[in-house]
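In the two complexes below, subunit A is the common chain; its partner is subunit B in one and subunit C in the other.
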Partner chain A sequence: MLAQRSTPASGAAAATRREGSPWTGLWAVVSKEMADYLSSTRMLILELITVLTAAGTVFTATAQLRETVGQDRFLFLRLFTTSQEPLPAFVGFLVFLVPIIAIALAFDAVNGELNARTMSRLLAQPIYRDALLLGKFLASLFTLALVLTTIWLLIAGLGLLRLGVPPGGEETARLLWFLLLTIAYGAVWLALGMLASILFRQPATAAMAALATWLFFTVFWGIIAGILAQILRPVRIGLPAELLAQAQLEQALSRLSPNVLYTEATIALLRPEVRSLGFVLPSQLQGAILGAPLPLGESIMLGWPHMVGLIAGTLLLFALGYVLFQRQEIRA
Partner chain B sequence: MDIVLEARGLTKRYGDFVAVDRLDLTIRRGEVFGLLGPNGAGKTTTILMLLGLTEPSAGSVQVLGLDPARQPLSVKARVGYLPDQVGFYDTLSARENLAYIARLNGLNRKEAGARIEAALTKMGLEEVMDKAVGAFSRGMRQRLGLAEILMKHPELIIMDEPTLGLDPEAAREFLEIIRDLRSEGITIMLSSHLLHQVQAVCDRVGLFSKGKMVLEGPVDVLAREVLGGGYHITVEAEGDAGLEAALSEVEGVQRVQRAGPNRFVLETTGDLRPAVARAVVEAGGQLLALASEAPNLEEVYARYFQKEANHARAA
Partner chain C sequence: MRRFVLIPLVLFTLLTPLLLTPAALAQGGLTLFTRFPAQQVARGEDINFPLILRAGTSQIARLSVPNLPEGWTATLRGDGRVIEAAYVLPDEDTRVDLRVQPPENAAPGEYRLSVVAEGNGESATLQLQITVKEQLPPSLVFDVDLPNVRGAPDSTFRFNTTLRNEGDTDLTTNLLAEVPPGWFVRFRAAGQEVTSLPVRANGSESISIEVEAPEGVELGSFPIYIKAESGDVRAEVTLTAEVVGQPQVNLTTPDGRLSGQATIGQTATYTLRVRNSGSAPARNITMSGTPPSGWTVEFQPASIAELGAGAEQEVTVSLRPADKAVAGDYVVSFSARPEEGRSSSLDFRITVLTSTLWGIVGIVLIAIAVGVVGLAVSRFGRR
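The block that comes next holds the complex of A and B.
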């Protein structure tokens, strides 16, 4: 069921100037929420899942990589990208694991307070809803960042032990940037989870709605993008230009998915030899490898629009939730 | 006198449905005002508008001289609100729950600690301060809610259905607390659909029906206006047949009903116990017991609508 909306006087609140800072109380909210997260069982389970995944993939990857120690400049990056059947590489896991962690953190952010009947008590305090919502978002973002950083350190530590060589300066920089990228990817899903928690009064419904969106982008969007491209840019005669146009549209459409943005930018960062993310699909990337690795700056630039896209998506979803939450009547 | 809260033409519409209809309301410093009426009358909606928790469709509100829509922070810092069915974080202790609210109010740790202990002690929760709220009874939660409000040192307290769901004993205790707060000079507004339960603590009441405030004033004034009195005096006396006639001749007695062999119930305009006692003695009777019951708001309410209906039928 959708949360109730009221009919306000024509923009009365929007037109009037409010006193004080909208962020009064922000840090009180952030610290309370973070303390909640860090002491919750939910958090423990998430940590456990991710650590298992990290350990598992690192062990299988290092088993392969040991043979190439000393030959590969980017050995440490391979820890994250080497796969061994039937397990995908760690980055492959992250693509679907991060959204689940994020949704699990955020799906009951707002409706949880309504169901516990704590919301009206909170909003009767001298803070704006802005601070409450942003505080909750930041707390979940910091928590997610904490989980991911832990895992990064864990993988680096395990890799160090198993491979016996420390990561180089450029590798460290690439991995740090990759960490930021992963956090930005998680932020999109946090914002989505939070939006669901504003839209739906039942946490279970909110979680299902967010997961359905995740499933849509993980499984169906690629297929839909292909079909849409075929319809909108049909290949009539089979000219290379036609094929190219279709492939380009398909890629442009597929990039509406945060999963695709994240995967592409990850590839640019962790496979320095990848020189272009043009109209080559991620699955065909092997063909785009043209020998000499790109310098760090250029790899970052390659994935820069993707990073910006993820941040823009986060802001958009957060803004939508913000507008809905501001207008919501709180009777609980 | 000092005006703490003032609403003019306050209206709330949900689509075509008018939940609160052009409400005018004034509350003065130090009084206990009861917003009374059946479920769905618009009490909660009114309170939400007074606090700026929902936007009025029309009308204006001034709380402590401030507009809750423009200066919500100042208003909320000085007004305590106890929502109906107040909830807490069940896994946190009473102290931790209040500590969060204290931080949202910008109190520093030391000040907050002292205020929290004082408020919890005052509400009789000092024993369970560090227990998780999950195990608290409804009555304890209600008192914890009030402790949270007292911690803010508010000038005005607004409570929505504060006795709802409490057993009679807990409800009585809670009303006792309200009386204590009143004697400390805190202005209180409370809503309830249990008219007779809260009428005794209210200096003034507003009776709500379908979004409109139909009657407003001190309970005994309303009773006089609507019931022409509304007091009930129960007399137990032994005497001859003239007793009933003697009772009905006492000035201010409107009706005499025989409730048993030696029992009479009088409807009167006020507490006439001395006059009634005299009448019994003068009629040669023996007075066994005498009790007076203040007017019942429930009755005022019912009678008012009966009158309205009769009016409508006559017109």
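The block that comes next holds the complex of A and C.
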């Protein structure tokens, strides 16, 4: 997939120790890969899907927001969270759309090169495998970020046109954090898709494996978490403490899913009145002013563990893929 | 046939009253009478008798008052003019007014006089009796229900009084007040503010007297002299307004801001201000707070032994949210309660922030993940 590089070869390689940085040529890989992505038909299809979802959700959301009389300090955020039957809110769309885009971008990153027999020619150039893998990952991440930023701007622009209300400073900050969170969510699925492309020689198998993982977390993990919680923390007598322990375990288990992490963090960011994502005892709400929005920093703190989880998950999946790729036989 | 019978019958019934009336009246001669022929009068007052003349036939009746007591005057009036004779019609009453003026120094007692009407060959006499009575001298009396009223310096002292006129003449009285400088007095009668009011003979008027103390008045008793005057007649009363002080504690903050922030696991301090805007010193003011459960609130100082009138003192409150508190806005109520008098409370809005410690932990976790990648790079890096 990568065109041949025409940079002069660096000095002779040492026997055991590497010469120079392992990231030499990283940005060349990134730019070439991005050029490939942005001109591909796959990208065009993805863009069409996203534009459709963005336009559809914004129009239904604004139609509903216009009917609502009354003041809302965070009207602009409602653009992203207002849903109308049969369409879910834009955020709800993103939960399953982002993984599909990410997997579609990354499922043939490595095995595609192997099948096209370009890998050995590519690595004959003075680029380390490190730079190749990271370059491919970064290129797909940047492409994803570009797509998401475009949708984000599209929605903001459409919202401005349809609502006639500009977003306030805090709303803008919240939306920027939301964009970062969405990119971090996409990065997890990118890393997963790339891992699948390293593991499986056939791109179709890799895509199926990644999609199966996505389906597992989207549909089945919630059910499994519930069953596991019932087995591990059974309610024997029916004490509130037992019920609470079971519910807390179920929540903790369900948070292993990136979808849940993303949804919860989104709620914290886009619904300022949400104070806690976990269980709140009535005693903790004594004296609380309900409905008062949290300060921005607190909302970010609320979703911060989720964001950390997503970033760390990305890094670990990438590290795993890296180790596997380094040990792989690439000669065809 | 029937119709011819009916008409004479109807005519007869209609004409009967017309035929009968003049015949009935024509039988009586000249009559002179009045409704109330014997009257009492106070010395110095005039008296009026409305007289009525009747006659069977039209005639001129000459009127006179022959045996008038000495010094008395009598005037006959018809339609407002002084008259001596009246023309009497048979079917109509003729009205004449007799006005009798007793002299100023008429002795009390019974007096008789008669009015004579001389008509066409006949005359009528009306006997009148006037009793002159001694009159009571005018006098005013002030009655007060509660002459001694206690109140705070900024309150209105209200005295309910009754002004009685015990004389036999109506009086218009002026109301006057003599008060310490700066004090203000208002008289109210029937809801209206008045300075003078009429009191009927043997009647009474209730007057509400409202007194207001000047700003910054000292505590103590203040006499208020109230006078009602009408010519030589006067009534006086002395009222007492007793100004007692009371403490009034106000709880505020020095800059008026009623919100603050507190971080979970840390103690936040705010400054409150206790002010006594009352007129007496406040004693033993205890500070208290009603935080949500699990929170701790401490005041420094926890109580104020004495706070003089107009004085203020700052109180530092240390607040620590519960370790399991959820971030967001809470209302905590602080109050200052003096031993006597009303307590003052203050609703303080506290934004609870979570500790940034967990944010740092998150960054450390990401750093560890990056370290894992770095480790993999150095361990598995190929040449």
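Please note the rule applied: the second predicted complex is superposed on the first by the 302 of 332 C-alpha atoms of A that agree within 3 Å, B and C clash if a C-alpha of one lies under 4 Å from a C-alpha of the other, contacts with A are read in each partner's own complex, and residues count from 1 in each chain.
By definition in this document, contacts are C-beta pairs under 8 Å (C-beta built on N, C-alpha and C of every residue); 3 or more make two chains touch, one makes a residue touch a chain.
Since this is a predicted model, take the numbers as computed values, not measurements.
With both structures placed on the common chain, the touch criterion links A:120 to subunit B but leaves subunit C unconnected. Of the two partner chains placed around the shared chain by superposition, subunit B and subunit C are both touched by A:128. Of the two partner chains, neither subunit B nor subunit C is touched by A:220. When both complexes are overlaid on chain A, the residue A:294 reaches subunit C alone and has no touch with subunit B.
Comparing subunit B with subunit C, more residues of subunit A are touched by C.
Under the contact criterion defined above, the residues of subunit A that touch both subunit B in one complex and subunit C in the other are 13, 16-19, 128.
Of all residues in subunit A, those touching subunit C in their complex are 13-19, 22, 128-130, 275-276, 280-281, 283-289, 292, 294-295, 297-298, 301-302, 304-305, 307-308, 311-312, 315-316, 318-319, 322-323, 326-327.
The part of subunit C that touches subunit A in the complex is made up of residues 290-294, 322, 324-332, 349, 351, 353-354, 356, 358-359, 362-363, 365-366, 368-370, 372-373, 376-377, 380-383. Touching subunit A in their complex are the following residues of subunit B: 12-15, 44, 48, 51, 53-58, 69-74, 76-77, 79-81, 83, 85-90, 100-101, 103-106, 145, 148. Listed in rising order, the residues of subunit A touching subunit B in the complex are 6-9, 12-13, 16-20, 24-25, 28-29, 31-32, 36, 116-118, 120-128, 329-332.
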